[in-house]
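Paired with subunit B in one complex and with subunit C in the other, subunit A is shared by the two complexes that follow.
Showing the complex of A and B:
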């Protein structure tokens, strides 16, 4: 499992209650830092119209898409209502020292 | 100005719709002015306070003016109260529907949802159908064949525009749509933008609304008076003028089939009353470029990015002074439009993306 961990950034590169885009091998991800200082990761594009979620707004445990305001729970990936109907894929994240890692699998 | 007019097909299942998808004009990546992330987060921040205040003023104003209008019914003194009531019902509901549909007016989700449902009923827009149509409007703003909310198609139907100042055609179509949806029928065009799992919800809302309008008509017959309809339903006609006046300015006379909101949307400075009724949607380029920014932050956003936008129209009157001649020219040549000049501080238009728009003069 440890071989599949990929370093994303240092913890301070993401503000609390914010999100950052992470591109890796042709795929794009969104990395979140929650208000209680935990890290999470999802696919980077909205399941509605493939807009980068990293340009959106994090509110508590919700990410809102910047284009049509579709909302997801970024901890579970659950789509929270129109115009998003399909859940987001989530990925394991860990903090090792000051570095944030994602397991893409 | 180009000389050979191109006949546009506005059907959502027609030739231009297909072409927009094939050419990548649909669901394209639009131009955005650069804003540092920290500042953008401040602009996007949600609050309940401004919308609670404005909603209390809006609904409170309706209770007072509707109540006084009803109390004075039968005398001419009721007229000014119904004039104000009508604008609050038949025009302010347009902006409340819009902003709460985006989910940005309030921080608290249920508040957005409640005001959205109330406003949708007043403006006679099915909350399910119109949520999805507006989603498409933001994906494909003024893309012919894709955008279901193009208010002025080319060549402009000026007779229709005039009738709609009093909501006549739009309310009529809304009633037909409600009856059709209540009968369980979703049109082919609606099916292009409302997902299948959402369609039963649209039908359910239409049936509830039909019951509400039927109850209002029964009350009018029982009272032997149109007063119930003056309070519910008819304000969508006699109070529509303000939302039509402001709404036409959003995109009227500007470019179509472009992917830069600076070319197809218009920002207009307005008086405080109109901005209250319109909930700051006069900053329309800004709204389309950044739909995440709540209405109360749009003036701040405008101040931040105006160096990168065409000069705003200084007034509603100035907007109409440029828009009406453009409509008249489009009667003869539907390819004509107003090209927006950018200030020297702005990033130029992408010439490879917008060749037709930039060639026109």
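Showing the complex of A and C:
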């Protein structure tokens, strides 16, 4: 679906059940590694007050904003209640060897 | 329920409660009464940013209409007739009455004033509302001198905002140090140093012998003999819960509208939540229970959700860990839990200007964690500490002190 995969990092740079910030051409993203070792990507900023989600806490499939605890499912981007009501954009991710790629279109 | 639910107080708590009632499936009449003319908005940005684009709304007007929430703004609640189950309101159309089946009071708090301060003061002011904030913006600019009275969060946040906008800033604190309430001394020291580096003049142990307003400003005489000429004096010496409506109706008051752990007042049809209420904490290690009142954004949201459940007949309780934050320059301070006298303090250093202080009680249980750092450097660990506090965890103090140990690993243990 996307012809432009962008290399993010090697898989070991993100712990399981953790998140990393990734900046690319003036945009910022959050790259997640789930507890069952799958990778996901969303926009990097919380939809409430534009805080970097990569400073937040990953619990299972939820990322929680470090500022006001807005919560999203990082696999689907769904906002999980007040104070956040706008969903997060998600992006396709693939592993090629040990490298994580995202397609940001 | 024919008359339905009425909420008095259209701040964060009242608005969240209204939406929570609908999310829980309540379909009866629902009215939100607020004294301010604005739609409910978030108060934290008022002192932290003094936003020029108007208040940040909790929800759009459309959202209230879609949810079937009737808004009565610029309307003051004058009295509660508990026998008739009706409110006496005063708005643009004069006095009206509004019947209720259940009533939720989210009347909030107001700034404590210095003796003699009145609404008419132009150059000696407080900050609580969006209109208050709008009135400050002129003085928050280059060439102006702003004097802040009170070294608590509101005064310090306003000091940072005023400095960032170019005003000269002096902050007066009567006590021996800033942030004496709720923040450990070594953390307050980091904050004080930062303000000094940014050019804020902090005077601790300051006594004021006179404060007089004149055309264009105000003059302060200090116990030291010094005189300060201010373009604006801002008073941030704490908040007073708005209990008058409840008190006049004969409801129990105890440093706020007294509620039980279900947020029910002494009248079973009337609930209270947010800054205006005091509620019992679960009993501590020594078996005694304290009553507290929390003036915090997250508490307002959590109690709104709890009140909504119990207004609909549940008997829910909520053992949330108190949590709040403050932003000053690029520093963020976060505190989870309630520290107690005699707690042991364990320090975790996390780089320049970043550290967390963990409080452990006599049995080693984590009671509170206070962190400070640039940006959100401490946020994740404070959140993990909050979960440990909620779980009654007794983490290994050595592990807490070592920034090489991931707190998440302690949570699982």
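The definition used in the following text is that the second predicted complex is superposed on the first by the 102 of 105 C-alpha atoms of A that agree within 3 Å, B and C clash if a C-alpha of one lies under 4 Å from a C-alpha of the other, contacts with A are read in each partner's own complex, and residues count from 1 in each chain.
Simple rule for what comes next: contacts are C-beta pairs under 8 Å (C-beta built on N, C-alpha and C of every residue); 3 or more make two chains touch, one makes a residue touch a chain.
Quick caveat, the model's predicted, so the values are computed rather than measured.
When both complexes are superposed on subunit A, subunit B and subunit C end up clashing with one another. Legend: residue contacts after superposition of the two complexes on their common chain; A:89 is shown touching neither subunit B nor subunit C.
Residue contacts after overlaying the shared chain place A:4 against neither subunit B nor subunit C.
Of the two partner chains, subunit B is the only one touched by A:71; subunit C is not. Set against each other, subunit B and subunit C differ in how many residues of subunit A they touch, and the higher count belongs to B.
Once chain A of one complex is fitted onto chain A of the other, the partner contacts of A:57 extend to both subunit B and subunit C.
The interface of subunit A with subunit B overlaps its interface with subunit C at residues 55-57, 64, 66-69, 82-83. Every residue of subunit C that touches subunit A in the complex is listed here, in rising order: 16, 19, 297-298, 301, 323, 325, 332, 375-377, 379-380, 383-384, 408.
On the side of subunit B, the complex with subunit A involves touching residues 27, 37, 40-41, 44-46, 102-104, 107, 128, 131-132, 135, 138-139, 195, 197-198, 290-292. Within the complex, the subunit A residues that touch subunit B are 18, 48-50, 55-57, 59, 64, 66-69, 71, 82-83, 85. Every residue of subunit A that touches subunit C in the complex is listed here, in rising order: 17, 51-52, 55-57, 64, 66-69, 82-83.
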